[in-house]
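The structures come next, written out as structure tokens.
The two complexes that follow have chain A in common; it is paired with chain B in the first and with chain C in the second.
For the complex of A and B:
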């Protein structure tokens, strides 16, 4: 499974969005779609668990979680290579 | 030199001290009658202090958050309600100054705030939502060039005396509850139907009645940036810093009264330390802690403003939340110490050592956006954010 599909799945189960994630483009604004700051933290925790990563302080901001694409590139940057392959 | 010229020539603090003298003279009446501190607000206008934060090129003085915090602390020592009004006005002004630079309508409005000394009110709190200001039920409706909004605004301080209200809502009728905008409505663009009366323990002069707000205005009066950004990047920081400055002022005046009490006792029996002296020393430690937290937060904010990533980081949000929690709790401990020092003369109204109003006003601090809510937000962030354990980092 690609990172982006994994990320979509995790958003669907932890993002608490009022809309169906499948209807969102990779670059759609997740905050406009209803992502709350609380849900973004839960999302972060779920991503850390799934990919065995830890978001560094510099990534803990709104920008990192602004879209499915932004989250996926953050994860790709942090995930150990073997898991990405 | 004309009156305006001479007002601008003196420093901001001198001008605020003159306002504070007037505010102090009416503070008891404002409190007991729960009325708008009109003398103090008129004095702010006469001293041109409502426009001091507006950029110089728009007719203001470009006052910094540190300068405005100092002004809040000065006025907080005289009349907490008037000081909180001044703080809330400047919190609203900060949203305009920080987020509508390139926008013609808002630039013109800022120029009017400075030239006409307009008083800005705030309507974030909503029936069914409470202090959860990052969510709205109501939605603004844009039709052509016009926007319309109706909001069950359960708390709007000085709603009837404001010249304009900055109000939050969902960005459109289909928007998620957290997808919000803030809009400026001028006094002749809205009606307020009173729904709640502000008859409270303290902060009685803020006249924070509840209203059904109904407004219609040109759609360009909607602030150009999403409210999420405004809240995270300037509003929360300004609010927690300026509120804390007002609260510091309340505690500092209580401290001054307790110190006067101890000194009077010491003069009567110079060879014996008065019983309240030790407790005064303790209060001094606590007061210094509040002051240091505010100063540190202002420094952190000024630094973060140079770098958008820092400004929207969790470490900044946690630090700014901590300021509010710490100052709102500590001022109660300080004023309580002062009350114990002054005894019955502190408990009674109408003595030089009276502290009842201070204590009542100070009790609003923990509720003004409930500390529990703020602690809840911070605790969520601490699940992923690692506290910076360095001393100067």
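For the complex of A and C:
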């Protein structure tokens, strides 16, 4: 499974979005789609657990979690190489 | 001696604050209270004349169910104070007395009551207003003041554990509440300038707990949801937030089912005045003897 598919699945289960994640493009604005501050925190924690990563403080901002594509890039940057492969 | 302990020491020596043996828990003298009372009157003078807020005074404790519903424990578990009481039988009481006599931890058997110490003056308000039903067409405006508790013992006199917060809270459409906040950012600066204090307006974030909190704080800053008026109190380099202007978006509206007259989820905003911090800033700037304060400051406060 690719990172982006994993990310979509985690958003579906932790993002508490009022819309179906499948209808969102990779670059769609998740905040505009209804992602709340609290849900973005839960999403962040779920991503860390699934990919065994820790977001550094510099990445703990809205931009990192703004879209499925942005989240996937951040995860790819932080995930151990063998897991990305 | 650092600046913080020196201001605290001077306030204690002058009798303006009275030591209780606990950092951040002080008695206040008549002179200190007079400054707070006069400043509160000045807030009224600077408030919009035609606004007519509903005045409500809650005690410094709130309904525990409302506290739980507010989500405060998600964000600030380290600051909350809960009220516990003895709920045992006579035997439990005898054991309690023995434990105290032996210097043991007698608080272990204390049970949580239905009361939690109020963390911010506006927290008890939202569920109470939501229970009334939809807001009237013009939205809602409320005038609050309460002692608030935050568990953060410190030698910094500007960081008390029990302090008073005066607040105006606006509820309504996004336009109504953001207009209210903009208006008070102007009024707040004029108010503080009127008592001879330097002000600086800056974006800010609340001290959310942990790494998740870091993200909440960054998000709050990026969206400019919180502004603070910073005033020198213990240090002119590291200023203290004495007023804050907060836009909660639909957070409390969603949490409590608070709606506008036409059924939309209400947005809320508040302006909060840290009354002790403002008094401390005045004493730090103008001296510990109010009779010696500059004439224009005395005129603004005492007329």
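The rule we apply is simple: the second predicted complex is superposed on the first by the 85 of 85 C-alpha atoms of A that agree within 3 Å, B and C clash if a C-alpha of one lies under 4 Å from a C-alpha of the other, contacts with A are read in each partner's own complex, and residues count from 1 in each chain.
In this text, a residue touches a chain if its C-beta (ideal position, glycine included) is under 8 Å from a C-beta of that chain, and two chains touch if they have at least 3 such contacts.
In this text the structure is predicted, and so the values were computed from the model without any measurement.
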Room on chain A for both chain B and chain C (clash or fit): clash
Which superposed partner A:45 touches (first chain B, second chain C, both, neither): both
Partner chain in contact with A:32 - chain B first, chain C second, else both or neither: first
Contacts of A:2 with chain B and chain C, given as first, second, both or neither: neither
Residue contacts on chain A - larger count, chain B or chain C: B
Contacts of A:13 with chain B and chain C, given as first, second, both or neither: neither
Which of chain B and chain C A:62 touches, first, second, both or neither: both
Single chain C stretch clashing with chain B - from 38-46, 92-100 or 110-118: 38-46
Residues on chain A lying within both footprints (that of chain B and that of chain C): 37-38, 41, 44-45, 55, 57, 60-63
Of all residues in chain B, those that touch chain A in their complex: 134-135, 171, 175-179, 226, 228-229, 232, 309, 312-315, 377, 380-381, 383-386
Of all residues in chain A, those that touch chain C in their complex: 37-38, 40-41, 44-45, 55, 57, 60-63
Chain A residues touching chain B - in the complex, by the definition given at the top: 17-19, 31-38, 41, 44-45, 48, 55, 57-58, 60-63
Touch list for chain C against partner chain A, complex: 71, 74, 211-212, 214-216, 218-220, 222-223
